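After this come two complexes, each holding chain A, first together with chain B and then together with chain C.
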Partner chain A sequence: MTTFVLRRLAAGIFLLLVISFLTFALLSVPHTDVGRALLGQNASQAAVDARNASLGLDRPMLAQYADWLSHAVRGDLGRSWFTGEDVWSALATRLPVTLSIVVGVTLVTAVLSLLLGVWAAVRGGVVDRLVQVLSVIGYALPGFLVTLVLVLVFAVQLRWFPAIGYIPFTQSPSGWLSTVTLPIAALSVGAVAGVAQQVRGSVADVLERDFVRTLRARGLPPGRILFRHVVRNASAPALTVLGLQFVGLLGGAVLVEQIFGLPGIGSMTVQYTTRGDIPVIMGLVMVSVVGVVVVNLVVDVLVGVPNPKARVA
Partner chain B sequence: MSETLQNESLATDPDTNRLERAPRRSTWSAYLHSPLGVAGGAVLVLVVLAALLAPVLAPQDPSTADLALAFHGPTTGHPLGLDSAGRDVLSRLLYGARTTLGGAGLAVAVALVLGVPTGLVAGYRGRRFDGVASWLVNLVMSLPAMIVLLASRAILGPTVWVLMLVMGVLVAPSFYRLTRGVVADVRGELYVDAARVSGLSDARIIGRHVLVVVRAPIIIQAALVGGIAIGLQAGLEFLGIGSGDTPTWGAMLNEAFQNIQRSPGLIVWPGLALGLTSASLVLVASALRDALEGAGGARRARRRPAPRTSTTPVPVPAPVPSSAGSDVPRGGLLSVRGLAVAYGTDDDAREVVHDVDLDVGPGEIVGLVGESGSGKSQTAFSVLGILPRGGHVVRGSVTVEGQEVLELDERARRTLRGRVVAYVPQEPMSNLDPTFTIGSQLAEPLRCTLGLSRRAAHARVVELLRQVEIKDPERVARLYPHEISGGMAQRVLIAGAMSGDPRLLVADEPTTALDVTVQAEVLALLRRLRDERGLGVLLVTHNLGVVADLCDRVAVMQDGRIVENGTTAQVLRRPEHPYTRRLVGAVLDDAPCREPWEPPSSAPDRTEATA
Partner chain C sequence: MKTTRILAAVVAAGVAATLAACSGSGGGAAGTAAQHSDTLAIGTMTAAASLDPTQATGSGMPYYQAVYDTLILRKADGTYAPMLATEWSYDDTRTALSLTLRQGVTFTDGSAFDGAAVKKNLIAFRDGGGGSATELSALKSVKVVDAHHVVLELKQPDPGLLFSLSDAAGLVASPTKIGSKDLATQPDGTGPYTLDTASTAIGSKYVFTRKADYWGDKAAYKTVTISSFDNENAIVNGLKTGQLNTAILQTVDQQTAAESDTKLTSQKFEFDFQGLILFDRAGALNKALGDVKVRQAINYAIDRDALLTGLRQGRGTVTSQIWGPDTPGYEKSLDDAYPYDPAKAKQLLAEAGYADGFTLTLPALAGITTDAMTSALSTQLKKVGITLKWDSLDGSTALQKIFRDRAYAGMVMNLGQATDAWTVVQAAILPGTFNMFGYTDPTVTKLAAKIAAEPADQAGADAKALNEHVVDQAWFAPFYRMTYTLVTDQTVKATTQSGMAVPSLYDYTPAS
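Let's look at the complex of A and B:
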C-alpha cells in the first residue's frame, strides 16, 4: 500500500517534470516581444532589451527552464510578468473558489448518480428509461448552454441567486452557498448524466451475478443485499468514471467561472494565457496536473477498498 | 500461391459472413426503427446542407452591418431579424454552421488519424509499442485540456482551426484506447488465429477482420467527440476566445447574452442551433450503439432465457392450485404438486416447467436429473422462491413441512430461506461475493437473520467451517474468495447453506464445476450431513453416477416435465421411459457403474488453500 502510493507519487512527479518542460518549451517558441508589450510602443529599444534581459528572456530556453525549475522546487513560482503579482499567492487566493465548485460538483454527482443509477437498475421499466433519456439530454447539451439557461431562469428571471460574483465561505457561509449553487448545478447536470449511466450499468451487471442469488437464498433482506453487496461490487467502475469527471471539471470550471464571474483558477487561466504570461501559465499547469495526479491516486486507492483483488499491494 | 488463396477463403469465409454482412443489415434496420436516431440523423443532414448551401441560402453577407437596423425584428428580407450591430441573424447562423461543423470535423479527423492507426498497431502487436504509446496516452490524458487549449491559442494564433487541431490531439487518446481494446479482444479470437495460421499477412488480417470489428465503435465515438468539439468550440467563442470576426454560433450567443435585457429573443436561434446539433450527434451515437447491442443482445437472449436476477420480486400472479396433482401421498419435508413456471408477461409468457410433482422426506436424498435446459434448476429455484427476474410460478403447490409456501408473502418466505430450506449453488467461485472475506460473508446471515453477536457469529462460522472438513478454519475465515480453491469454495458454500441449521438442502449441481476427486469429497460430505442431521436433500444434477452414489430416489426431467420417478435402483436398473433409458444407456453401455466412494480411512494431509 505505502509502496504503491510512493511509486505512484514518484510517477506523478516525473509526469510533472515532463509536462512542465513541454509547456515551457512550447510557450517559449514563438515569443511575442514581452518587453515591448510591457513598456508600450513608445519605449526605446534599449529599454525594451533591458526589460527582456531582466526577465531572463535573452537567455537560451533551457537555461530559462532550469532557472524556473530551481525556483519552483523551492516553492517559488515567480511573479507575473504583466501584473507583478506573486504567482503562488495569486493561485492560493483563487484555488479555494475553484475547489468549492469542483468538490461540490463531485459530491452532488456522487450522491445523485448513486441514487438514480441504483434506482434505474433495480426498478427497470419506466424509471430506467427516464434515467437513460435524462442522461442523454445531460450529455448532449453543451455545458455552457445549460449554464446560460440556469442563469437566465434562476438569476435573471426568478432572481433567486446572484448572476455573478463570489462571497468567500469565511466571510458568509450563506452568501457563499448562494454564489456557488448555480455554478455547481450547472456543472452537475452533465456529470450526473455520465456517472448515473455508469452506476446503472454496473449495478445491473452485478445483480445478474450468481452470488446475489445465493445471498437471497440465505434469507438476507433485499435492501441489505443491494446496498451492502451489489453497490459495493459495482463501485469500482463508477468511481473510475467519477475520477475522470473530476479531471474534466477542471476544464468545465473555466467556462463556468467566466460566466459567473468567479475569481477562480479558471477565470485566471483565461486572463493570463491570452497574454502569454509564462510564470502564471506554468503555475496554473502545475496546479492542475497535481490535481489530476492526486485524484487518480485517490481513485485507485478507493477502488481497492471494496475490491480485494484490485487492492494495491 | 493458389494454396494461400484457398486457405484464405477457408479462413475468412464464415467470419466475414457473420461479422460483415448479417449484422450490418440488421443493425441498419434496428437503427431505422429508433425514432430518436432517425430524427437526429435528419437534423444532422439538414445542418450539413445548410452549411454547404450557406452562400445560396443566406439573405446577405454575414458581416454586412447596418447599425440603423440594430435589434430590428424579423422582416421579409431578414426572416430571423437583426442583431446588435444590424447584421442579419439568419446569414450569420448559416455561415456559423460552416465554422462549427468544419471545426468539429477537423478535431475528429485529427483524433482519428492519430488515435486509430496507433491503437490498431498497439492492440494487434502489443509489446513495446504498446508500452510507449500507452505512456504517451496517459501523459496526454493528464494534461489540463482547457489550459493547453488556451495556451496554444496564445502561442499559435487565435483561430478556431488551431483550437480544433489541438483539441483533436487531446482527444486522440480516447480513440487509441477504444481501438486498442477492441483489437486486443479480437486478436484472441479463433478466426483471427485461423487467418494467421493460414499465412495471411498482418496488414490483410487487420484490413479484413479487425477493421470490420472496430468500425462501429469508432463511428459512435466520433459522433460523441464531434458533439464535444462543437460544445467546446462554442463555449470558447462564447467567452470571446475564438476566431475574431468569423460568424460563429458561440459568438452569436455571447452577443445575445450581452444584450439579453434589450432583445431576449436573440439568444433563441444560436442556442437552438447549437443544442439541436450536438444533441443529434449524441442521439445518433446512442441509437447506433443500441442497434449494435440490440443485435448482439437478441443472440444472447436466445441462449439464456433468464436475463437478470433481481432483489425485488416482480409482481407475481397468484398461483392457481393445479388439478394435475398425483395421487402419491405428499412427502413430509418438501412436496411439490403440479408446479408450472413461466417467463415473460401474460401475452408472451413461455412456460418452462410444466406440472412437476416432487417429494423429499426427512433424511432422504432425491435426485432431479435431466439435460441442460430441462427445467431442473427452475424447479429448484421455485422451491426456494429465488427465480430470476421475469420468472414466476403460474400454478401448483409447494409445501415445506406441510406449510404452503407459495401463498406466503415475500417477507415470510424470506424467513424460511436459510433456516428451513437452504441452497448450495453450482459454480462455487461466482457464488461468493468477491469483496468480503469468507468469514464475514458467512457471519452476515447469522448476525442479520439469527441475531447473533459478532463474537458468537465468528465462533459459529469457525465451527461451520470445521464441520465441512476445512482444516485451519480460523485462517480460511480471514481469506477472500479469490484466495481459495474451487473445492474449498464449495465447502464454504455448503457451510453457508448449513449456517441456519436448515432441514432441507436444495443443491443445484453442486459438483459439476469441481474436478473428480474433489467431487467425491463433496458428495461424501453431503451424505455425512444427511446421516448426522437427518437433512433432506434435493440434488439437481445431470450426472447419473452421482445419482447412483448418493440418491435414495430419483426424478427424471425432460423438457420441463417429470417423465419418470422412483427409487434409484428401480429407475437406473429398469428404466421405463424411453428418455430415461437413453440417459442410462449412455452411461452403462460404455463404462460399468462405479463403486460407491468410501472416504479414505486416514485422510492425507492436504492444504487446499492456494494462499
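Let's look at the complex of A and C:
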C-alpha cells in the first residue's frame, strides 16, 4: 500500500514537470501580446515593447521556463502580471470557492445517485423506467440551460437564493450555504443523472449473481444482502465514475462561476488565460494537476475499502 | 437496516440545511434593504488591474478614485474643480503649470501630502511604463517651490494636461509606497476610502471602507464594493435581486432586460462610436485605400440606418464623424455627411479606377465584430463591388497583428468620444496607436499644431476645421454612436460622467 502510494506520488511529480513544461510551451506559441493587453489600446508601441521586455517575454522560451521552474520549486509562483497579486494568495482566495462547489456536487451526487440507482435496480418496473428516463433527461439537458433556469426561478423570481456572488464560510456559514446552493444544484443535475445510471447498472448486475441467490436462499434479510454485499460489490465502477465526474466538474465550474459571478478558479482560468497572465495560468495548471492526481489516488484507495479484491498492493 | 437510517438522516440533514439557507437568505435580503443607503454595490465589465496608480488607465478610474484623490477633480459635466490642488495657473507660454497644494492632508500610512510627494508621483507615472504614461509625455520636470507649491515644467504646451491631472496621471499615492510592488494590491492614498483587503478578492470583488479622517466631505457610503464580471447577464441578475445597485450596460439585450424591471431606472447616454477605421490612408498595404475617392465610396456604401436598426435595435445615433456632441469642434450636420448612396459609391470607385471593385481584408474581433455585423457590412459593400474578407483572430494575438505587425488596412472598433478636442487629435488623428501607418497631410499637421498651442476652451474653431477636413478626406467610416444605459436601483442616484464610459465614484449619491 505504502509503496503503491509512493510510486503514484512520484509519478504525479513527474506528471507535474511534464505538464508544466508543455503548458509553458503552449502559452509561448501564440505570441500573445501581453504588453498590449496590459497597457491598453492607447499605449505607444515603444511602451508595449518595453513592458514585454521587462516581463522577460523577449527571451527564449526555455530560458523563461527555467526561470519560472527555479522559482516554482522554491515555492515562489510569482505575481500576476495584471493585478500584481501574489499567485499563491490569488489561488488561496479562489480555490475555496471552486472546492465548495465541486465537493458539494460530489457529495450530493454520491448520496442521490446511490439512492436513485439502488432504488431503480431493486424495485425495477415503473420506478426503474422513471429513474432511467429522468437520468437521460438530466444528462441531455445542457448545463448552462439548467443553470440559467435555476437562477431565473430561484434567485430572480422567488428570491430564495442570491443570484450572484460568494460569501466565504468563515464569514457566515449560512451565507456560504445560500451562495453555493444554486451552483451545486445546477451542476448536480447532470452528475446525478450520469452516476445514478452507473449505480443502477452495476447493482442490477450484482443482484443477478449466484452468490446473491445463495444469500437469499440462506434467508438473510434483504436489506443486509443489499447493503452488505450487493452495494459493496457494485461500488467500484460507481466510485470510478464519481472520481471522473469530480475532475470533469472543474470544467463545469467555469460555466456556473461565470453565470453566478463567483470568484473561483473556473472563471479565473478563463479571465487570466485570455489575457495571457502566464504566472497565474501556471499556478492554476499546477493546482489542477495536483487535484487530479490526488483525487485519482484517493479513488484507487477507496475502491479497495469495501472490496478486498480491488485493494492495491 | 442501520445503513438505511443513516442515509435517511443524511438526506434529512441536507433538506434541513437547505431550508435554513432559504430562510437565512430571505432574512438577509430584508436586512440588506435596510442598510442599502450605507452600501453602494457597483457592477462593472471593466476588469480590475493593478491598484498602483502608475499603472492606471482612464477606464479603471472608479477603482482608483475610492482610494486615491486626483490633483484636479473632474466633475460630472466635465468642468474642473479643486481637489488635492486648490489652484492652478499657466504661464504665458503655456509651458509651466503652477499648482497650489492642499494643506493638512495625509496618506493612510501617515505620511504627509506635499510638493515632494506630487513630484515623486508625477515622475513615477511618466516613467512607469503604464498604459496612460503618455498623458505626461510633455512633462519635462517638476519643480518643488515649497511644501505646498509645485511647478510642472513642460517640453511643449499640452492642452490635455488638466484633463490628465483629473485622470490617471493625477492620482497621488503615498511617496513611501511608490515603486513598491505591494501598492498593486495594498493601495495607499489620500482618498475617501481604504481597501478592505480581508474582504476583497483581487481581480473579482473589491471592498472599500469609508475613512474616518478624510480631509474632504464625508464620503456618501460606509462601504463601496466594485465587482467585475465577464458577462452582463450576471450583472442584470444582480441588479434585479438588489445585490448590485448600479451598473453600465452596453449590450442591447441586457439593456432591455433591465428596462423591463420597474424597480430599476435606466439613463441613456452615448459615449463610444462604432465604425470602420481606415488606417492605410496612403495605400501602403491596400493600394485602393490610398485614393480619397475610394474611402469616400466606402462611406457612401454603408447603410448606417440599417446597421443601427439591425445590430442595435436602433439604440444610438448614426454619424459620419468621430467627434462626439460633447467634443469641441463637433458639427451636427457632419453626422449625415455621407448619406447611403450606393450609386454614388460606384461612381466614385469607377473614377478612382476600381470599377470592378477590390478586396479589403479586415480583422474579425470577438466582442466587436459579431457575425451579424460582418455579414451586414459584407453585403452592403458587395453591392458596390467591394469584397470584404474577414480574418478571425483571438483577442490577444489580434492586438499584436493589428498594432505591431500593421497587418490590416483598417478595422471595425469602438472608440470613446472625449470632452476635449486635443484628446481626439492625439488619440485618433496624429500618427500613433490608431494611426499606426503614420499618415498625415499638411492641413492636419497645421491644424493639430494650432490646437496643441491654444487653451482647450479656445480650440473650438480649429477643431471644427480639422473635423470637417478629416470627414471630407474620409479617414474613417463611422457607423453610429451607441446608446449605453446607466442603470440604478431605488437606493442610489447616479449621473453620467462627461467624457467617460462609466460614472466617477463621486457621481453616486444615496437616493434618500
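Going forward, the second predicted complex is superposed on the first by the 298 of 313 C-alpha atoms of A that agree within 3 Å, B and C clash if a C-alpha of one lies under 4 Å from a C-alpha of the other, contacts with A are read in each partner's own complex, and residues count from 1 in each chain.
Just so we're on the same page, a residue touches a chain if its C-beta (ideal position, glycine included) is under 8 Å from a C-beta of that chain, and two chains touch if they have at least 3 such contacts.
The structure displayed is predicted, hence computed values, not measured ones.
When the two complexes are overlaid on their common chain A, residue A:302 makes contact with neither chain B nor chain C. In the superposed model, A:270 lies in contact with both chain B and chain C. With both structures placed on the common chain, the touch criterion links A:156 to chain B and to chain C. Residue contacts after overlaying the shared chain place A:27 against chain B, while chain C stays out of touching range.
In the superposition on chain A, A:290 makes contact with neither chain B nor chain C.
Using the contact criterion defined above for the overlaid structures, shared-chain residue A:43 touches chain C, although it does not reach chain B.
Touch criterion met: A:217 reaches chain B, while chain C stays clear of it. Once the two complexes are laid over each other on the shared chain, residue contacts for A:95 go to neither chain B nor chain C. In the superposed model, A:130 lies in contact with neither chain B nor chain C. On chain A, the surface touched by chain B in one complex and the surface touched by chain C in the other have residues 30, 148, 156, 221, 223-224, 258, 270, 274-276 in common.
Against chain C, in their complex, chain A makes its touches with residues 30-34, 36-45, 47-48, 50-51, 54, 79-80, 82-86, 89-90, 93-94, 108, 111, 114-115, 148, 151, 155-156, 159-165, 171, 174-175, 177-178, 181, 221, 223-224, 227, 258-261, 263, 267-268, 270-271, 274-276.
On chain B, the positions that touch chain A within their shared complex are 139, 141-148, 150-156, 227, 230-232, 234-235, 238-239, 241, 253, 257, 260, 267, 271, 274-275, 278-279, 281-283, 286, 307-312, 381, 384, 386, 388-389, 414-419, 422-423, 425-427, 430-436, 444-445, 448-449, 480, 482, 493, 496-497, 499-500. Interface of chain C with chain A (complex): residues 1, 3-4, 7, 10-11, 14, 17-18, 20-22, 24-26, 28-29, 47-52, 55, 57, 59, 129-134, 181, 183-185, 199, 201-205, 227, 229-231, 233-235, 237-238, 240-241, 243-244, 394-397, 399-400, 403-404, 427, 432-434, 436. On the chain A side of its complex with chain B, the touching residues are 15, 18-19, 23, 26-27, 29-30, 122-124, 136-137, 139-145, 148, 152, 156, 204, 207-226, 228-230, 232-233, 247, 250-251, 254-255, 258, 266, 269-270, 273-276, 281, 284-285, 288-289, 291-293, 296, 306-309.
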